[in-house]
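Shared between the two complexes below is chain A, which pairs with chain B and chain C, respectively.
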Partner chain A sequence: MSLAKPVMRGLLGKRLRFHLPIAFALSFVAAIGFKYGVTEPRKQAYADFYKQYDAVKEFTAMKEAGVFESVRPSGE
Partner chain B sequence: MILVSKMMLRLTAGRVGSLVARRATVALTTNSARMASHEVAQTVDMSQPMYVDRLDTPLPDKPYTDVLTAADKSLKQKEKGPWSQLTQEEKLALYRLAFHQTYSEMKRPSAEWKTVLGGMFIFMGFTGLLVWWQTAYVYPARPRTFDEEWQAKQLQRMLDMKVNPIEGFSAKWDYEKGQWK
Partner chain C sequence: MAHPSQLGFQDAASPVMEELLHFHDHALMIVFLISTLVLYIIVAMVTTKLTNKYILDSQEIEIIWTVLPAVILILIALPSLRILYLMDEINDPHLTIKAMGHQWYWSYEYTDYEDLGFDSYMIPTQDLTPGQFRLLEADHRMVIPVESPIRVLVSAEDVLHSWAVPALGVKMDAVPGRLNQTAFIASRPGVFYGQCSEICGANHSFMPIVVEAVPLEHFENWSSLMLEDA
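Up next is the complex of A and B:
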């Protein structure tokens, strides 16, 4: 008995038709996941930080700790 | 060979007259001449199909045995008939005419792994000795920035500067309580 002739053409097209939608879908899911898992929380964290930020208070604290070269702590 | 090496030692010591040197070279040449007449490499015609025992080549380009004895030739004639008439020994003999090693013989385990592992460990050990010598004789003095005290002062300075205060380093430090969150 003879075997059926194997498929000789359109192999790449068949593979692409199968894999490309999956690839696009997974990439989209990864991007959405990164946006709502990483970037949105980060934006919120920065917003919350600067809502209660007093620049002068922070500067004075750093000055007293002695990290600056142009202005020394009030004791010296 | 020991005699030759002793002569070589005398040569390097410089106490040799030309006589001993000639004796040494004569001994060397006779040795090599004897070796040349005994062991000549077999030349193989690579343009002809060759037999090879390989796991990935189940049917080599030619059978193993080239010259068949009369018994072999008669067996080959019998092979042309129905194979059910061949005895087990005849089948095995025909196999051995066509092939050198069976698959299980090709795949037989060897003790080579011990040599490999042993060589690996020898070289790794030698490298360890080199590294040890290097730490003693090559490395410069240890920088002061590695001291515990310096590292603690460095850490305090990073907290004073408020390095990454939003999501990173200083965000994890509780400034009111003076401890990690």
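Up next is the complex of A and C:
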């Protein structure tokens, strides 16, 4: 009875061929995840904010809250 | 202004700052891509005893790890140059304000129509009223009309200073004997804070910048009042 000769060469290459595609795939997943988890929502948030933005209303609210120094609230 | 434990930029209050924000997200995405790849490779390499002592060269991998970084750099450079040229566009300002740096306060001059000028000192901590921000408030704010292109000419009377307002995406060095120009548009009304950004002596951290963006009619009322008080 004889045993099969164990693999003795190319072990590092085999490890690299296994791990490098995973490394590239994971890095792309990280980039895509950041793009669709952070970048696109931030762009959309800014677009949505200015779509419904009423500058006069916001200014009046800030004025009445006393935020500005050049313009005081109505009561003052 | 910045809030406690903030990590990212302040909310953009000008179109240029919005572009800078989105570009930063794009560049950071590329940073995460490269960092994930490198970290995975490092962990894979330190967790093995396997070696190959007989590698001499490999033309294929040399080409890959030259071309790929070049492509990545181009992907960063193109939006970067786009924003750079966007910031330099002739924008026909409605108002020009001179911001002069002194040790240790700013002075603002509105000389387009009348001769309006005033100093802007930091409000000391002991003089703050409840709700005001420590080391950020100034006794006189630089008031501007909202949604109007503003040109700021920045210079200094003594040593180097730098006029910066992060929310507006503006920073310009104040150099004695030199007139630097920057421009911005405040997209929304509000109060925007900045701090001197070039070391200028003992009170470098205590000469803040406060920009107040209000509708045009209120800006005109304010400037009339300031001229009367002067």
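Following the convention adopted for this analysis, the second predicted complex is superposed on the first by the 58 of 76 C-alpha atoms of A that agree within 3 Å, B and C clash if a C-alpha of one lies under 4 Å from a C-alpha of the other, contacts with A are read in each partner's own complex, and residues count from 1 in each chain.
In this section, contacts are C-beta pairs under 8 Å (C-beta built on N, C-alpha and C of every residue); 3 or more make two chains touch, one makes a residue touch a chain.
What you see is a predicted model, and the numbers here were worked out from it, not measured in a lab.
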Touching partner for A:L26 - first (chain B), second (chain C), both, neither: second
Partner chain in contact with A:V38 - chain B first, chain C second, else both or neither: second
Touching partner for A:V67 - first (chain B), second (chain C), both, neither: both
Between chain B and chain C, more extensive residue contact with chain A: C
First, second, both or neither for A:E58, with chain B first and chain C second: both
Which of chain B and chain C A:M8 touches, first, second, both or neither: neither
Which superposed partner A:Y46 touches (first chain B, second chain C, both, neither): both
Overlap of the chain B and chain C footprints on chain A, listed as residue numbers: 42, 46, 58, 62, 67
Residues of chain B touching chain A in the complex: 157, 160-162, 165-167
Complex interface listing, chain A residues touching chain B: 42, 45-46, 49, 58, 62, 65-67
Chain A partner contacts - residues on chain C that touch it in the complex: 12, 18, 21-22, 25-26, 28-30, 32-34, 36-37, 40-41, 44, 48, 50-52, 141, 143, 146-147, 187-191, 212, 214-215, 218-219, 221-222
Chain A to chain C touching residues, read off their complex: 11-13, 15, 19-20, 22-24, 26-28, 30-31, 34-35, 38-39, 42-43, 46, 50, 53, 55-56, 58-59, 62, 67-71
